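All chains are identified by letter, namely A, B, C, D, E and F, in their written order; residue positions are counted from 1 within each chain.
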Amino acid sequence: MTPNNSSRPLTFKGGIHPSKDGKALSRAAAVREAPLLAEYQLIVQQNVGAPPELLVKAGDELKKGQLVAKAGGFVSVPLHSPTSGKVKEISRIPGPMGVPVQAVIIVADGNDEWGELMPPLDWKTAEPQAVRDRVRDAGIVGMGGAAFPTHVKLSPPPDKKIDCLILNGAECEPYLTADHRLMVEFPEKVLRGAALLGRALGVKDIFIGVEVNKPDAIEILSSQAAGFGVKIVALQVKYPQGAEKHLISAITGREVPTGGLPMDVGCVVQNVGSTAAAADAVLEGKPLIDRIVTVTGEPVKTPGNWRLKLGTPVAEAIRFAGGVTCEPGKVILGGPMMGFAQKSLEVTVMKNTSGILLMKKDDIIQYQSTACIRCGKCLDACPMNLQPGSLSAAIESEKFDLAAKNNVMDCVECGSCAYICPAHRPLVQHFRRAKAEIRNRSKK
Amino acid sequence: MSEEVKAEVQAKIPAQAETPPPVMLPKGNELVLSSSPHIHAAENVPSIMFKVIIALLPAVFAGILLFGAAALLVIAYCIVFSVAAELLWCKLAGKPLSTVRDLSAVVTGLLLALNLSAGVPWWLCLIGAFIAIWLGKQVFGGLGHNPFNPALVARVALLIALPKYMTAWVPAKFMNGNAASYARQFFTPAAWNSVLGAPLDGVTCATPLGLVGTTAKVLGPAPGVFAEVANPTAYLQYFLGNVGGCLGETSALALLIGGLLLVLFKLIKWQIPVFYLGTVAVFTAVINYCFPGVTPPALFHLLTGGLMLGAIFMATDMVTSPMTEPGAIIFGIGCGIVTCVIRIWGNYPEGVSFAILFMNALVPLIDRFATKKPFGYHPWDRKKGAQA
Amino acid sequence: MSLKLKDTENIWVLGLFLGLCGAAAALVLAYFDDLTRAPISKMKMLEVDNALREVLPAFDNSPGINVCRKDGVTFYGAQRNGKLIAVAASGDSMKGYSGRIAAMVGLNLDGKVRTIAIVDGKKLAAVLITEQNETPGLGTVVCERKRQKTIFSIFKKPGKAAALPPPNPILDQFAGRSAGATPWRVIKDGGKCDYLTGATISSRAVTGVVYRIAHAFAAHRQEIIARLSQPQPQN
Amino acid sequence: MGEVQQYLQLTIGAVLVYNFVLARFLGICPFLGVSKRLDTALGMSGAVIFVMTLASFVTSLIYNYLLKNPISLGGYSIRLDFLQIILFILVIASLVQLVEIVLQKISPPLYSALGIYLPLITTNCAVMGVATLNAKQDYQVGQATVFGFFSAVGFALALVLFSSLRERLELAQVPKPFQGMAIALITAGILSMTFIGFSGLC
Amino acid sequence: MSLIKDFTNGIWKENPVLVMLLGMCPTLAVTSNAENGLSMGIATTCVLVGCNIVISLIRNIVPKKIRIPVYIVVIAAFVTVVKLLMDAYAPPAINRSLGIFIPLIVVNCIVLGRAEAFASKNGPLRSALDGIGMGLGFALALTALGGTREFLASGSLFQVKIITAWKDDFMLWTSAPGAFIILGCFLAGMNWLNMRRAVKRGELYVPPQGMDCRHCRLCDLGRRDEE
Amino acid sequence: MEIFIAAVIAMAVIGLVLGGVIGITARLFRVEVDPRIELVAELLPGANCGGCGKAGCADFAKSVVTGENPPGKCPVASREQVAAIAQALGIEAGATVKKVAVVLCGGDRNQEKVQTLYNGVSDCVSASLIAGGPKGCAYGCLGMGSCARACPFNAIEVVNGLAVVHPRLCVGCGACVETCPRHLIKLVPRAAKVHIYCSSPEKGAAKMKVCSVPCIACRKCVKAGEEEQFVIDGFKVSVNYDAASLVGTDILGRAKCPTGCLLSETGHLKIEAAQTGEVA
């Protein structure tokens, strides 16, 4: 199977073109290693699914890469120490969602010394099962944002025939450039990882979808791709090109059914970061203990991409980037479209933290939302073809049944609608609430 | 961030450490919490309304050019009174007065003026503006909540209430081809009528549609009766707007330019005007062909009356039209059919206002059934998906 | 839900009771019907009578009893002391803006439309529109002679002027005219009759119906006068 | 042609021009009371169409053969027109009840869908109104039945439009004093304004 | 005391039109001027009083099961009587403008509602007072509505021009749409008054959302609609 | 005269015919409905609050008649109403322990110490989904009144950024309990008049940083009370509502709670009132 052969970049229906993509701030900044910190606050649950089981207690000595917690079930992954040092305490720190979460506080000994690594496997001969196990043991989860354990995606149930692996290098979020730098600087890792995961899944077709605003990445990947049996697909620049359903739709023309998963249409989507991490795990035996994070935004003195260890507090990350030149009004984990505003700088980098974005006070839209003027812009923008305007009106009047009937549960919270809405309606917040309420009710 | 708070932050820094920290970090509780997305498109409601006003300018200029100072007066009255009505309601209802800033009252006032004859008295503008803003819009909760087009509610209410004033038309100034006396005609008695509040008298003329209505009533259907009003020379006059009628509806040319602007600004769904006009064209052409003498040819219908104004500016009011494209098509076709039915068989010579209002009433139903297929649904399991 | 007769057992008893109630009601109603039959028929006459009074001089017969129909126009004769003094006629036209317009016109025996009175030098014609559905405020202006009481006039003593119907220039223009062979037309159509701008259709229809009545009388004058001159019981 | 045209005029007149609710003001109570939700409005519409057609038929039978002309019985000529009101209302009430009883037995789903509206129809001006109008306009049985059916269709049209509008208004931020019935009435007013545009169609 | 209450109840607190929203058809149809409103109000009052008295007299002998049909017969009889009397003695103009709405009193929910809710439970005196009160409330509401419409349209009341300078009638208010709109504004006014009073008393006032069926138990629609 | 006879005959005949037709059809098309359902529905309060877990009162009535639910399951019905239903059906009334809702948080705007700027929908669920909402304490009441809107009886009021239940108005239907994203609302026996108004499991010091009335688990109340009257759970103490003898208001004087989170029902209402100056 090949994506249609026209030379035009592929895309999906709907979506938006954010006027300010902010990628210029950090696009050219090569990935830098962060200096070692005195203390890391490693949040225990960094994956979707069952929480991992803690294996350490206060006072334990740890080596870099040593197991801190083991997987708590099939849909769960282990957690490893980002550096060598000593467990100060197990305590609660502010989580990215505001609710305090359990964390292991590790005092670094300054040596940053690896413990025993897992044995490297040969990338040409590794068995599918071995790859899957290694991906699990290395604690790899989706680094594109969802933090879903990658090995689960690699083990589709037998009745689902997977024929296509898609690597998500779209990075459609404005400001973020972590995946971009990864693809430019470590193309080999990405491609090897792709081939490995492809083998683990037993698929022939492997695509890497990259938006055309990263020509250097497309070029460098394309020049090496042939050797790995990987095809590079140029994608139109449009948000949310990187949402997996729309990526699949753009590349294969298949439509993931509502409530369904990519595997329902024979696809598996992996972020390029997860793929590179998988390559590291298989080929070098290294567990997932750090990741590339874009620290950016107008207030940041030197915006750029850093390789940050898990457990690095946001405040420290900003410090690495030279601090701020003016007072920021908002600190966001993730990009400006889907990221979460934070009220505390004590939150720490996790496996799915792709960016730390600071916004100037003046740039913050303090929206004064008015009534929906039914302009229909949100309908055109919504990649899921929902009717955000009417949905939000229903939710505002607390008519959740109506909202559920109109498929609010399909909303992927991409924020396209709220971005475009001329009435500045807090649409996404409404939908989050409705989804929470409806989930609550169906649980009952 | 206010200066004081900044000063306060700065004041705190030395107290914490002797040497200032290398970087300045925000304090947690001064950060703003809000939902994603954190960036926003530049377009907002006032800018939309502003663009509509821009798109209406050709029609406004055409109106003033054609009908003289009286038209300018009517436009000014309507806008001022609409804004005043909006302000007054907000004041009485305890709403923030800032809602005036969204400019929608200006658009409503302007469109109301374009729907009136030049030279209607000032108090008629006043009543119309209050009906539009209060009865048409604010009782329903203001901008965005009104199910009916406010300007049209006012127009139809006035038509029912004061038919004498609403069916008296000022002749366009170029009507007699006497451009030389134009300057003199620019200030007509109609302008004074408007100021003094007197009804139009003496200087009235008929609209093409009114003539056709009268003809049909007097002579009954007979082929060839429309030759006088439906011929190429007349069509050119209609296209330029050199006929009697509402001050903003006569010039098809100016309205088409405005429509083009609206499409360029991406403010309207092109389906509404296109299907509206198309339906009228097809419907009247068929009737004209099958029953000659019942109604003039399609081109006549397209160029006369408020059809262009209605199809381009009033049926497209986003608040009162369907949200989806299939909905817009149904809406346009419906408007077209009702317009033709009223024009051809009804008592009123013109049916555009009624047609749009009638279809406004159908919008909730259309919105309910003409929806897009959500991503990931197969057409046949829409229902099932909805239940799940 | 209480309407449901759930208990079907003693349905016959209930039916009987209901029947009795109905019978009692019927009894009462029959009584009232009897009581009001005469006044009702009188009331029905009253309307025509009132219209006749507006357009005819004082009479002492009951014109409504002996009528004569010609060309779709109904003629009533007013007699005084057993002598025919004037004729009233009612006819209609379907050419109004919203359909039917009916009029009652008083005619002198010579076929001219009667003049009721001369007020301020203007003749008041004996033309009354008895039925119309024209657009209020537009077509109705042509048709109506509405007596408008004002807050001032109710305190004034009703003088002679108040007893007369109010003038209406369109209707009053027919005073003293008699019908010839060519139909009357409004000026706009090349005729001589005044019309109201913006309500030409209504004006046309009114002109048409008055002409039709006058014309019918002119055409059958002798016959009608003969018929209506027959002696009638006095009122 | 004449016949067809006459019926066509009857139809358009009943549905659009002289709409029962919006122009004639008949059946306002159910129009206001059962219009909060579209599906109840649809149910009510169905029930009203059924009952009004049936009632028109039966009452016009009674009118044409019992009340209209004096009956001669054994040499006496007897007028019964003064019994019109009482007979009509009795017939309508009984009809409604009959329909209810029958429906409950033969089609429980239909009954549970329409059943609750049926009693309301007894005290609905529209049904009594159509019977009275039929008599007043001296319609024959056929005409009366057609008129009844299409009048009810006009009622249904107004009701459905109105209920969908009210559903939308549910989501609007109507000022406090106008909430509920007040805004519903104003909406109905504007709706009735649009129907005036159809005047002259028949 | 309670007799006075029976009487005044219908005039304001349970005004059939403005509070309970009953009898909407005549309310809208015949109130194009004050005179028509008043006439309709009087006609309805007559029926209401008569029926209330008769029904309260026979309330103990009517079998429960068929009380509604019996009430309907009584009401229909009264309506017919009123109609016959009006045909005979009322001015033809008024008779014409009230039109078919006189026969329709028979289905006016107020009449049946009061019969069922009040007259069938109370003695003739109280029932009569209740009827008069309710009828008066109805008549007052109709007259006020008619007066408002007439005044707004032409500046006159009871066909007497109050503002003599008012030349062109504003026909909207006397037309069908005007009826709905003015009644809507009346209700909004009532709500506003009630809300202000409630605020003063520190209570919560919820504007009535639909027809009030508390007093007419003919059907349980009102209750079901809320579910 | 003949008209009288004719009228009477006509009416009587038509009355009989109609009555007969209805009677016959009624007999032919007879359907049995359980009159008890209607009876029970009449006796229920008709609030349709859903507190019984059914779709509405009518639905509940059906379930009572079929024996699925005891009548006492309706939280709104008074004891007498429940008894009347039970008697009418000749069954047991079922459990009727009357409950009342209580918001276990005392941190109104004067007590909380940290508050972030929040720009968004004024609704607790919505706010809690954005970094946990603007409040410093991640467990405290957000004060945006979701519960108040959910309460069908208007029993909850948000005063000065804190939701308080008016026990007199609350019927214990539980609609609010589900709504609160912070799970602060609990249904407790009506007899319980004293509560510990804090739900945060954090350490005392952490709580003190964000709030001035937290429970710091000093256990003075536990010592002052009888056995089993309190439950200690980590860094939080709460009243044991299942205890054989519920703790009474007299504990307030004896315990000398240092932060002021141990309060009587009326005390909770008054925290507010005192600060907003409404009650002397």
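Assume contacts are C-beta pairs under 8 Å (C-beta built on N, C-alpha and C of every residue); 3 or more make two chains touch, one makes a residue touch a chain.
Since the structure is predicted, the reported quantities are computational estimates derived from the model, not experimental observations.
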Mutual neighbours - chains that touch chain B and chain C alike: D, E, F
Most distant chain from chain F, judged by the mean position of its C-alpha atoms: C
Result of counting contacting C-beta pairs for B-E and A-B, higher pair: A-B
Between chain C and chain A, distance of the C-alpha-averaged centres to the nearest whole Å: 87
Inter-centroid spacing, chain E versus chain A (mean Cα positions, whole Å): 67
Whole-Å gap between the CA centroids of chain D and chain E: 21
Centroid distance [mean C-alpha coordinates] between chain D and chain A, Å: 62
Multi-chain contact sites of chain F, meaning residues that touch two or more partners: 3, 7, 10-11, 14-15, 22, 26, 30, 116, 119-121, 126, 129-131, 133-134
Junction residues of chain B - those touching two or more other chains: 28-35, 135, 139, 141-142, 145, 157, 160, 162-164, 347
Chain D residues counted as touching two or more neighbouring chains: 79, 82-83, 86, 90, 93, 97, 101, 119, 122, 172-173, 178, 183, 186, 190, 193, 196, 199-200
Of all residues in chain C, those that touch chain B in their complex: 95, 97-98, 135-138, 141, 197-198, 200-201, 204
Complex contacts: residues of chain D adjacent to chain A: 170-173
Touching residues on chain D, where the partner in the complex is chain F: 66, 71, 73, 76, 78-80, 82-83, 86-87, 90-91, 94, 97-98, 101-102, 104-106, 108
Of all residues in chain C, those that touch chain D in their complex: 1, 3-5, 22, 25-26, 29-30, 32-33, 98
Parts of chain E lying in touch with chain B, wherever the complex brings them together: 168, 170-173, 175, 177, 181, 188
